[in-house]
Amino acid sequence: MVAFDEMTGMGTELRPAYDALDRWLKEAPPEMLALRRSQAELFFRRIGITFAVYGDEESTERLIPFDIIPRVLTKPEWSKLEKGLRQRVTALNMFLADVYGPKECLKAGIIPPDLVYRNACYQLQMVDFQVPHGIYCHIAGIDVVRVDADTFYVLEDNARTPSGVSYMLENREVMLRLFPELFAMHRVAPVDNYPDQLLATLRSVAPRSAPSDPSICLLTPGQYNSAFYEHSFLADKLGIELVEGSDLLVKDDVVYMRTTQGPKRVDVIYRRIDDDFIDPLVFRGDSVLGVPGIIGAYKAGNVTLANAVGTGVADDKAVYSYMPEIVKFFTGEEPILKNVPTFRCREPEANAYVLDNLEKLVVKEVNGSGGYGMLVGPHANKAQIETFRRKLKSHPEGFIAQPTLALSTCPTFVASGVAPRHVDLRPYVLSGANGISCVPGGLTRVALKEGSLVVNSSQGGGTKDTWVIDA
Amino acid sequence: MRIKISHSITYAYDEPVRQITQILRLTPRDHDGQHVMSWRIEPNIDGRLRAGQDPYGNLVHTFSADGPISGLSIQVDGVVETLDLAGVVRGAIERVPPEVFRRDTLLTAPDDALREFAVAATRTDATPLAKMHALTEALHSEMTCDRSGQRNGIGAAPAFAAREGIPQDLAHVFMTCARQLGLPARYISGYVAASDALPLAEGAHAWAEIHLDDYGWIGFDCANGLCPIDTHVRIAAGLDFADAAPVRGARKGGSGENLAVSVSARKAGSRQVNQ
Amino acid sequence: MHEGKTWNGPNQTIAPHAAKRPDLTMLSRTADSLYWVSRYVERAEYLARILDATTRLTNLPSSYGGAGTEWQSAVATAGCEDTFAKAYGEANERNVCDFLTFNPDNPSSIRNCFALARSNARAVRTALTSEMWDALNSAWLELQRFEKKRMDREEFARFLEWVKNVSLVFDGSAYRTMLRDDGYWFSRLGMYVERADNTARILDVKYHVLLPENEQVGGSLDYFQWTTMLREVSALTAYHWVYREAVKPLLIADLLILNRRMPRSLASCYENISRFLDSLGDAYGRQGPAQRQARKTLANMSNTHIDSVFQRGLHEFIEDFITENNRLGHTISEQYLQ
C-alpha cells in the first residue's frame, strides 16, 4: 500500500508546505537532531513536571514519545478542513438537540431509531430537557486522517470528554523553545490562545440566571485518572478550580464548592467524568467520583455541564456511519469532510461481506475506544482473525468494519534517521453561545513503528507539533 | 381487590450523618388495572420533600435533610383498588419508546448460559406470548426464590448460575432472557398482597413486563410463576432495579448504617392476624 | 463563524491567580491538604530528631547511668506506644528505629509521613509551587533508595540528617516561593500546630527529669537527659545564648514552653498560629472560634511565669496544653477544612 506523504506526495515531488523544512532537514546533521530530541525530552520532563508525577507507574504513560519534526499544513489546506470541522460539529450539536427533542431525524428515517434508543449513551434523563443555550457538545475532538493532497476523512468523532489538548499546547511550547530558527523561517499560526477560547466558551454557556462573571470549575475523577495531569494543566491555564466530586455539594438544586469561606456557588462545570459516574443518585449508584444531586441541579437549570450529559450517542461508531446523512439533513449542505466507508455489521449483507474479507478490513467495536476492541485485518494473525470472526457471528450489532486506509505519512525522526510514518490529526472544536471556534492545527499522533497504522499512545504512538503556516 | 399497604423503612446510624438525600420511588400511579385511592409518604425528621417524575414517568420524591441525623424513618401508607387484567398493562404513563427496553444493563448483562437457556426454554413455542409464558414457568421451576428480604440482588447472570435469588434477581434473569429473544423487557417494583392464590407472597416484590406488538406491555412474575393479578400493585418501572429502586440515597458523613424494613399489604378490611 | 469578533484576542493572557481567586478563597480540600503536607513533613523531622537524640544518649558509657529505657521513651515521645507494643514488644534500638523509620504499618513512621505528605501534595499539585513539589517528590524517591540499603550506624545517621534536611528544603521552598495568601497561611498553620504538639510531647514524656525533686539526684544522667531534650528541639546552643548559664531544668522548661525567642517553644508556635489565623480572619473578613481559641492560649502563656507553671504542676500544664492544641486542630478543620 503506497501512502501519500505530506512532504513528498507520492515520493516524486517536494510539496510547497515543506519547502523550508526540507531545506532545514537536509542541512541538519543527525547528531543535532538527536541532541534536540533529548533536549525536547528534558524540556518535556521539566514543563510536564509541573503536572506529571515522576516516580510512579503512570509516569511512563505520561511521557508519550514526542517527535521533533513538525507536521505542516498550509493555510488553505487548514481553512478547508476547518470549514468541514465546523460543519460537522454544528451537525453533531443539532443531531443531539434533535434526538433529545423533536426526533425529526428519526421520523425522517435518516437513522434507524433503535440505534439511538438501544444505545446505552442515549440518556433518558435528557429527553425533552432544554440544555443551556442549546449546546450539547462544547468541546469536540474530531479525529481526521488524510489520504491524498485534497482528501481528509473523519475517522471518529469524540463528543464526550476528548483528551489530549494539553499535548497540543505543550508540544508547541517545546518547539518554540527548541527550534526558534524554524519558527523564524515559517509564519506559524499560534495555538496558545486555546485556554482563552475554552474559558470564553465555558463562560458563554453559563445558565441565564448566573451572574455576568460566572463561577466555573473543572471536575476531575481525581489524581488516579490517567488524564489527571491534563485536568490539572487545564484548570491552571484557565485559572479555574480543579475540583473532585467530594468538593461539590448540592443543596436545593444548586451546586456549591466547599471552600475555606464556606459554600460557594458554581455555575459552569467542565466535567471530565463520564456520564455513568457523575451522579450516584441517578446513574451508577456505586460511583464515589460523582456528586449526588448534580443531575437534579442541572435539570433545574441552575448549572451547566460541559459537555452535556448524553453526548455519547453522537460519537457511537454505528451512528458515525450515518454522519454524512446527518450532516446533510441538519445543515442542508453536502458534507465537506468525508466519512470512511463503513460496513454496519448489524446489516446481514454487510456482515457477510465483512466475514469474507476480514484480512482486508479494520473491524471496530461499536462502543470501544483506545484501539483495543479492534482488528486491523492486514496486520492480524490467523488467531486474531478467527477471534473476531466468532465475535462477528455471535453479536454482529456490536461491530462496524472499514477498509484499511492508506493514512498519510510525515517525515519523522526515528532510529534510522528521518523516515515517513503514518499520522492522524485531532483538532479541537469549541462550541459556545457565541459560535464555534477552533485553534489552527490540533494534536498530530504518529505511529512510530514502520508501516504501523495504529497511532494510539497505548500502542506505540507518539505526537508531533502541528503547524498551520502562511504558504 | 382493595389493598391496604403499609411500608416502613428505618435507618439507624452508629455515627450521625451530616447530610442525606434520598430518591424515593414509592408512589403508584393509576392505570387500567389499578386505582390509587389514597397515598401518603412521611419521613419522621424535618427536611425537604419534593415530588417529581423520572424519565419513565415514575412518581419520585426527593427527600433531603441536614444533620446531625442519627436515624431516619420513612413511612408509606396507602390504599389501592386493583383489577385482574391477566397481566396486561393499559392506560399507564408511557414516556419511553419500547425499543429502549432492549438495552442490556449492568444487572441484566447476558452470559452464554442465559443465552442458551433463553432459546432452549422457548424453542417449542410459536408466538412471543407463548414463549414468555414458557419462560416464566421454566424459571419458576428452575430457580429458587428467597423471600426473606434479608439479601441484596446480585444481577442476572450470577443469580442464574446459582439457580437462586431474590425476586429482583429472578426478574432480571427473566428480562435478560426476553431481551435475548429480541423483546423489550422492563423491571417493575411493587407490592404483592397476601391472598388465597398467593398466600406466602405478601410484601415488596419485583417482576418484569414484556412489550408484545399485539398486546402492549404484559407483566410476568416468575417468582410466583404467573402473570400479575389483582394482588399486584405496580409502583415503578425501569431498565433494571437501579432505575426503579424504591430508595436510592447518598449521605455525607456518618457510618454504620442499619436498615430495617417492614411491609404489610393486605386486603383492606381484612383482620390482622398474628404471624 | 465570527472569529476574532466574539472571542478574546489570542494574545490576551489570563492571570491565573487573579482569575482564580478574586475574593481570596480556596477549596477546603486544597487547604486541608496544604495543612497536612506541612504537618507530615514537620512530623518526619521530629521523628528524626528523637531518633538522633536517643542514639546519642544510648551511646554514652553505662557509668553515666543510662536507665536502659531510652528506646521505650523514644516510642512514647513519638506518640505511638500502643501500635509499637502490638508490633514488636521489646523496645530496643533495632525495633524502635525500624518502627519509627520505614515501618509501613506505623501510620506515623518517617516513611509514611513522607508518603502521606506526597500524596496530599499530589492531590493539590497546582496549589504547591514546583519547588515545594520537587522537594517532596525527590524526598520520596530518595527515601526508597534508603529503604533498600543496609543500614549501619553511620548510614543511619546520614539518613536522619537527610530527613532533617528534607524538612529544611521543603520549609525553605514554601517560605521563598509561595504567594502570601491563604494557601501559605494554611500551610504554616499545619507546621506550627504539629510543632507545638511535638514539643509538648517531648515535655510530656520527660517532664519528670525537669521536676525540682530530681535536681538533687543530679548526677550525669540528668544532665544528659536535659541536653537530649534540648537537642531534640535543636536548642542546645540556643539555650546557652539565651540564658548564659549551665543547663538547669527550670530554664529548659522556660525555653521550651514560654520563651518566644525559641522557635520550637509552645509560645512561639502559638504566636505564629495566632498570627496566621489572624491573617486568614482578616482576608476572609470573618473571625471564628479558631482565632479566639488560639488567642486565648497565647494570652495565657504571655501571662504565665515558669515558676507558676511548676507551682501548678508541670505535668498538668503540659497535658492541658496537648488537649487544647488538639482541640484547636479540630476547630481549624471544622472552620476551614471540610
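Every chain is named by a letter (A, B and C) in the order it is written, and numbering of its residues begins at 1.
Methods note: a residue touches a chain if its C-beta (ideal position, glycine included) is under 8 Å from a C-beta of that chain, and two chains touch if they have at least 3 such contacts.
Predicted, not measured: the structure shown is a model, and the values here were computed from it.
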* To do: Identify the chain whose mean C-alpha position lies nearest to the mean of all protein C-alpha atoms shown.
  => A
* **Centroid comparison with chain B (C-alpha atoms), farthest chain** => C
* Centre-of-Cα separation between chain C and chain B, whole angstrom -> 57
* Asked: Centre to centre, by mean C-alpha position, how many angstrom separate chain A and chain C?
  -> 47
* Approximately how many whole Å separate the CA-defined centres of chain A and chain B? -> 41
* Asked: Where does chain A touch two or more other chains at once, residue-wise?
  -> none
* Structure fact -> Within their complex, chain B touches chain A through residues 19, 21, 23, 48, 55-56, 62, 64, 95-97, 99-100, 102-106, 242, 248-250, 252
* To do: Could you pull out which chain A residues touch chain B in their complex?
  => 113-114, 117-120, 122, 124-125, 127, 249-252, 280-282, 284-285, 292-293, 296
* To do: Over in the complex, which chain C residues touch chain A? Could you list them?
  => 1-3, 6-20, 23, 25-29, 31, 122-123, 125-126, 130, 133-134, 137, 140-141, 182, 186, 280, 284, 286, 336-338
* How about chain A: which of its residues touch chain C in the complex? -> 49-51, 53-55, 86, 190, 192-193, 195-197, 199-200, 222-223, 232, 235-244, 246-247, 257-261, 264, 434-437
